[in-house]
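In the two complexes that follow, chain A is the common piece, with chain B as its partner first and chain C second.
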Partner chain A sequence: MAHQAHSYHMVDPSPWPILGAAAALLTASGLTMWFHSNSPRLLIMGLISTILVMFQWWRDIVRESTFQGHHTPTVQKGLRYGMALFITSEAFFFLGFFWAFFHSSLAPTPELGGQWPPVGIKPLDPMDVPLLNTAILLASGVTVTWAHHSITEASRKQAIHALLLTVLLGFYFTALQAMEYYEAPFSIADGVYGSTFFVATGFHGLHVIIGSTFLLVCLLRLIKYHFTPSHHFGFEAAAWYWHFVDVVWLFLYISIYWWGS
Partner chain B sequence: VYLLFQALRQISQRTISTASRRQLENRVSENQKLFQEDNGLPVHLKGGAKDSLLYRSTAGLTVIGTMYTVYYLLVSSMPKKPN
Partner chain C sequence: MAALGRASRLLLGAAAPRSLPARGVAAAAAHEEGGARMWKTLTFVVALPGVAVCMLNCYLKAQHEHERPEFVPYPHLRIRTKRFPWGDGNKTLFHNPHVNPLPTGYED
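And now, the complex of A and B:
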């Protein structure tokens, strides 16, 4: 068996990149078919194939690292750069929606009644459920840090408890936010207030779901002994992502929920 | 309340039956042996028959979907016949 003279990981040929691209094509054209031809068939095929590809691709990465040992310190460094750059790109993504919010709210037009919130909009009370949601996410930041310390100190039971608590807090946030969406007196169609509110908080909610799922996968891997006290980058990546989601919420809460009410 | 607490603590520490105990044991070394076997299989198929089934289903769905997409886009770009 030939051995490599470098510390990088030359991956086995894999079908997931091209199938993932095809899945994205199905999802995008599926949206078109849903909007214009009133049929969700292609969209559903797209979403299912996207999930299948994601599951198998990430499963393979776990195999390559935990079971085959390919994640040398050099490889891990690359993964750290990658995750940091990805989170940075997501920060820019949210920056756009914050720009849109401040564009409309700092100088409200006559059509809105020259005020913010616009005439006729009853904003949500920032001291009600939104404040609870802030507390939930801040607490989850503490519990995920507790989990990290437990992992590095090889306290298996504590790590599992702390990470489980983090995941539950994430689901609790999502449930409360879903209820808020249902009960809100305004909708996405209510002018620029509705648009900025639901697009910004909606994308944030999607990221909470993604982050909670990532943490849940880490919890399952933790239970299955995949992490060691010195090598657990999957968990660290999830924790970084989760802190990012928390910070975005804090900005949302301060600007849209509080200042904007 | 203290007795209730004690009872709760005992229940959470109760021994798990042998059937489910295997689920909670460390199987990392078994998996390391399986995925490091020198059988020439790429990592996405190295887990066995389940891998092939899942791969075929994913590829099948994606290829059929892509053909459907091309058909749909071709049809959508055709002008509609006026009545």
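And now, the complex of A and C:
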């Protein structure tokens, strides 16, 4: 069998990139069909195919790394750069929504009653459930760090407990936010207040769900002995993403929930 | 604090999961092997009790229910430029009839 004279991973041909693109096309056109032609069929096909591609692509990456050993330190370095750049791009994504919020709230127009919050809007009490959510995410940052140290110190039981706690805290946050959304006296259709509030917190909530799922996958892999004390980048990537989600929430809490009330 | 942890991991790569350098008494006092123990202690002494206190606070606040505000048909609220792609097109995704009035007023 021939050996490679370099430390990079020349990936075997895979159908997932092009199928992923097809899934994205189905989803985008599906959204259009749903909004304008009242038909959700294309959208459902798009969402299902997106999930299938994600599952199979990432499953293949786990096979290539954990079971086939293709992730040399060089490859891992590239993955680190990739994850860092991705998270940076997500930071810019949220920056846009914060820009929109400050644009509208720093100089409220006469249509809103010249004040922020606008006339007729009763904002959520920042010292109620939003404060609890802040405590939950900060606590989950502590537990995920406990999990990381446990992995590097080869404490399997502790790592599992810590990561499980982290995932549960993430789910608790999501459940509380869903309840807040239902109980809120204002909606997304309540002018620019509603738009900025629900789009910013909504995308954040989506990222909490994504992050919790990523951590849950890591928990399952941890239980199945995929990680070693010195090689566990999948977990590190999930932890980085989770810290990012936590930081975004802190900015949301301080600007929209607290200052904006 | 959490951002610092992320930054240190980014800068130090695989060597990262050590205690944060000299920031805070707890980190400075912890040894290499004690890293996980410190974070475990922080979890059960600070983080989770903090969550519990906030839960209690929410429970106490929920004891006195607020009356819902009177409906005023402000033109800058309850905007319906385009119908929603579900149901009768007039209700938001998380519509709660008790606290969310329609453009014409509360339903109940």
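By definition in this document, the second predicted complex is superposed on the first by the 261 of 261 C-alpha atoms of A that agree within 3 Å, B and C clash if a C-alpha of one lies under 4 Å from a C-alpha of the other, contacts with A are read in each partner's own complex, and residues count from 1 in each chain.
In this section, a contact is a pair of C-beta atoms (placed from the backbone, for glycine too) under 8 Å apart; a residue touches a chain by one contact, two chains touch by 3 or more.
Bear in mind the structure is a predicted one, so any value in this text is a computation, not a measurement.
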item	value
Contacts of A:153 with chain B and chain C, given as first, second, both or neither	second
Partner chain(s) touched by A:26 [first = chain B, second = chain C, both, neither]	first
Which of chain B and chain C A:103 touches, first, second, both or neither	neither
Touching partner for A:183 - first (chain B), second (chain C), both, neither	second
Comparing the two partners chain B and chain C, which touches a greater set of residues in chain A	C
Chain B versus chain C as contact partner of A:226, first or second or both or neither	first
Shared chain A contacts, counted only where both chain B and chain C touch the same residue	none
Touching residues (chain side chain A, partner chain B) in the complex	1, 11-16, 19, 22-23, 25-26, 29, 32-33, 36-37, 42, 45-46, 48-49, 52-53, 56, 60, 63-64, 66-69, 223-226
Chain A contact footprint on chain C (complex, rising order)	1-3, 5-6, 9-10, 13-14, 16-17, 33, 35-36, 38-40, 42-43, 46-48, 50-51, 53-55, 57-58, 61, 68-69, 72, 74-80, 85, 92-96, 99-100
Of all residues in chain A, those that touch chain C in their complex	34-35, 38, 40, 73, 76-77, 80, 84, 111-113, 118-122, 125, 127-129, 131-132, 134-136, 138-139, 141-143, 145-146, 148-153, 155, 158, 162, 165, 169, 181-191, 194, 230, 236, 239-240, 243-244, 246-247
Chain A-facing residues of chain B, complex	24, 26-28, 31-32, 34-36, 38, 42-44, 46-47, 54-55, 57-59, 61-66, 68-69, 72-73, 76
